[in-house]
Amino acid sequence: MPLKKPHNGLQNGDGSHEKDSRHFGNGSQQQNMDLNDHEGEQNLPSVLEVGNDSPVVNGIGSSLANGSLNLHSTVKRKIDGEKDYVFDKRLRYSVRQNESNCRFRDIVVRKEDGFTHILLSSQTSDNNALTPEIMKEVRRALCNASADDSKLLLLSAVGSVFCSGLDYSYLIGRLSNDRRKESTRIAEAIRDFVKAFIQFKKPIVVAINGPALGLGASILPLCDIVWASEKAWFQTPYATIRLTPAGCSSYTFPQILGVALANEMLFCGRKLTAQEACSRGLVSQVFWPTTFSQEVMLRVKEMASCSAVVLEESKCLMRSFLKSGLEDVNEKECQMLKQLWSSSKGLDSLFSYLQDKIYEV
Amino acid sequence: MPLKKPHNGLQNGDGSHEKDSRHFGNGSQQQNMDLNDHEGEQNLPSVLEVGNDSPVVNGIGSSLANGSLNLHSTVKRKIDGEKDYVFDKRLRYSVRQNESNCRFRDIVVRKEDGFTHILLSSQTSDNNALTPEIMKEVRRALCNASADDSKLLLLSAVGSVFCSGLDYSYLIGRLSNDRRKESTRIAEAIRDFVKAFIQFKKPIVVAINGPALGLGASILPLCDIVWASEKAWFQTPYATIRLTPAGCSSYTFPQILGVALANEMLFCGRKLTAQEACSRGLVSQVFWPTTFSQEVMLRVKEMASCSAVVLEESKCLMRSFLKSGLEDVNEKECQMLKQLWSSSKGLDSLFSYLQDKIYEV
Amino acid sequence: MPLKKPHNGLQNGDGSHEKDSRHFGNGSQQQNMDLNDHEGEQNLPSVLEVGNDSPVVNGIGSSLANGSLNLHSTVKRKIDGEKDYVFDKRLRYSVRQNESNCRFRDIVVRKEDGFTHILLSSQTSDNNALTPEIMKEVRRALCNASADDSKLLLLSAVGSVFCSGLDYSYLIGRLSNDRRKESTRIAEAIRDFVKAFIQFKKPIVVAINGPALGLGASILPLCDIVWASEKAWFQTPYATIRLTPAGCSSYTFPQILGVALANEMLFCGRKLTAQEACSRGLVSQVFWPTTFSQEVMLRVKEMASCSAVVLEESKCLMRSFLKSGLEDVNEKECQMLKQLWSSSKGLDSLFSYLQDKIYEV
């Protein structure tokens, strides 16, 4: 379920020409509080498209209001847009120069004081959609974080979308080429990606800045604390796009949301707002978009001041009795996806659905 | 817990004399949307008793606004009421003539495009209360639906009550006659009825038009999607009527509602409104009574357009790890009921409670 | 996490000098409904400190409005306050004289008609904090109640706080003396206390009059029905105070609240209001403080009119499949606490945290 309009972190600069300044009243304050610029990098551009459902570029790791973003005139904003683009290039550059970050292409990894911060920031897919390559990068980052001296992991995204799930254009492309080989390869990539979350021993905090779709929503119950911006929403329309559930959602969603709502999400593609997801237990707290990144950072830093042993042992107590069950579910789910993708019938059904969607656009 | 005032589908025609037209503004539109009259049958009568707690005959399978129901004058409505009664007789007649439907007395089964629709419409009990015979009919219909080419099952009810649970007048009558034999027979009927839901492999959607009591509420978590009309409510006062839980509610209710609310329902007979049931996870969505049947049909038809394999395999993934546990719980619950009914003490307690209720009326 | 300001039942008389009469309009009615004075004892004093967050002495077992509490003038109230103090002394005295109650120091146990009422009323700790000795008294009372003819157990508290969890000043004192011996002793006391709740066969109703912290909140899911006053709140900041979860909360909290909120409570010390706890399933219903004790008593008496066999067998059905799992979790949690307390690192971390708190005050 990739969104139609691409909102890729690096291409977002243009968006800032749109006329809006609603959320920028306390710009200077926010600059002081923004916790991502301590490495001396310039911030990511912050683009705010306002409307009822329009996405807001408000990821953790992006500043909502760096000094240059005083968007009260269209002219000024245009310039800012150009500046942002430059800043963005610089960020990318500086990240690549940084020893601990330079090994990743589609994610950004930051070693902070007491915790590791992974940001989805896909260069090779739209809307932070997941490909086997991107999933492998996340796994690698999780593996590093499990071994270093960080006490917990913060997962968030650059751009206006948290994660749009599996990259279906990638999926179609590969499965069209070699159904048998690719169905196995992609299903195994999903399995290993999900397994990395199940097995991660330190607490994982997720900060959901925008839409979380498919696998991007399914993995949330495998994380420990889920904070969402008011702009976030959640959807797992597996059956609608002719797929079976993944990310252990066939087990975790009924546990958390109740059987009825879980099925409505998985079978009918029911969309949950941030507030609904919070009142039903998928999310633990919802924050106002403009202060989301500060609220999250504040809490994560406080958590990171706890004893590492206590954090890890507490998670161990909470997860140990679930772990083997989740691993079984993950295996079964990926086995099922592989079967669907390697059968001509399952593939036809998927293709014809996605084809229809393309024609609709 | 049968309600005192009978609201049997066939006897409801009289109710339409009552003065109200509130919900009928968009009658003609609704006629076009009503999805139950495509088999050329006449619709069931639609009787609206309006008041704070008055039941509304708004079952799926009943038209809220067939052409004759323009209830803007009392006179017209009286005539309509009579007409409805005739329509209703015709429906019953036409259903009996229909090959696939003629084998049932207390339920109506409709083969729709892509799904099977079972409607509780009891002729031998009040308020869709369940007797071993009616439960056997439902089991038989589930068995048929599992074997045919339908992709999912829709369960709803004719009349203003979804299901009032076990028929207690039947229960008392039988247990008074032959405690030992009947306690076994009835407990086994419940066990097999519940087991049929546990084992049904296609998704089950339930549309709750009105009160769902006792076993009629307990089985909901064994279904997959539960939609409710604003007029629905839920109650399982097992301990109050001197019974132990049934329908796997001793397992599913704490899972879904939390231990505290589950126990309040099972021990204290706490009644949940549709909205409460939705916010606590028993129901996935609540709809306005006047458009309830259309909203449900729209969604069920969309679900029925999904791949049959995906629907069944998704349900299998979600239920497989629960199935054996639920079957155990079901066995234990029914074993316990049998013990209660076959002990003179348990029976006395039940009888004296129900006796009191009869005197109260 | 003991609260700073002591609100011990016996010292509360002074509070009644404060100016407020808001909740006492229906004083005389409440007197008739108050269900605690049938043993001929005088009631506990009822002190209402009104303000946004101020505690209200409104425990079950305290009369909100005995005749003397017509608080419409400050003068009258001052006198009442003095009277209350006397009443309170009398209560304590009469309880000690009573055969079934005289064996306890920090709890009050009342044999009521059909149920046993245990009230936390700690004389040796502040805010009903738990020490091994107090936990042993509760265990002994549970053991008695399991053997007598009562059908269920009501657990509540005297004073404005339900239970502030483990007594940390006690903990520090003992662990400083003999880390190895005391860590084992205290961890085992917690284990046995929690085990007594897991194994108790009759339904347990808990009435939460005020804050429930740490272990005082963790054990709630081991009880069957949880009713809370609007003034209650819930917090389990284990990680914050450098501890791992106890009371089976590492298992029950994710089950009931969802993984995300459970972790926010256990890792970040997120505080839940009574309403939040109710909407998320920890509490089954919230009542207005002034009528809380009557509402609870009304319901408990109705429950106690049910068949004893039905109540016990229903609980057995609901808990049997969980019991062994909970016992395992309890063992693991207490094992972990023992390890933390017996390691110098774990202890240092705990001490330095609690030291900081003391300096803060």
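Just so it is clear, A, B and C label the chains in written order, and each chain counts residues from 1 on its own.
We take it that a residue touches a chain if its C-beta (ideal position, glycine included) is under 8 Å from a C-beta of that chain, and two chains touch if they have at least 3 such contacts.
Only a predicted model underlies this, so the values are computations on that prediction, with no experimental measurement involved.
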Item to complete: Over half of interface residue numbers shared between chain A and chain C means same, under half means different, so which is it?
Response: different
Worksheet item: If you fit chain A onto chain B using only Cα atoms, how far does it have to rotate, to the nearest 5°?
Response: 120
Discussion item. Can you work out the whole-Å distance between the CA centroids of chain A and chain C?
Written reply: 41
Worksheet item: Residues of chain B that touch two or more other chains: which are they?
Response: 255, 279-280
Worksheet entry | Of chain C, residues touching chain A in the complex | 238-240, 242-245, 250-251, 254-255, 257-264, 266-268, 270, 279-280, 325, 328-329, 332-333, 336, 340, 345-346, 349
Worksheet item: Tell me, which parts of chain A touch chain C in their complex?
Response: 203, 220-221, 223-226, 252, 255-256, 279-285, 299, 302-303, 306-307, 309-311, 313-314, 317-318, 320-321
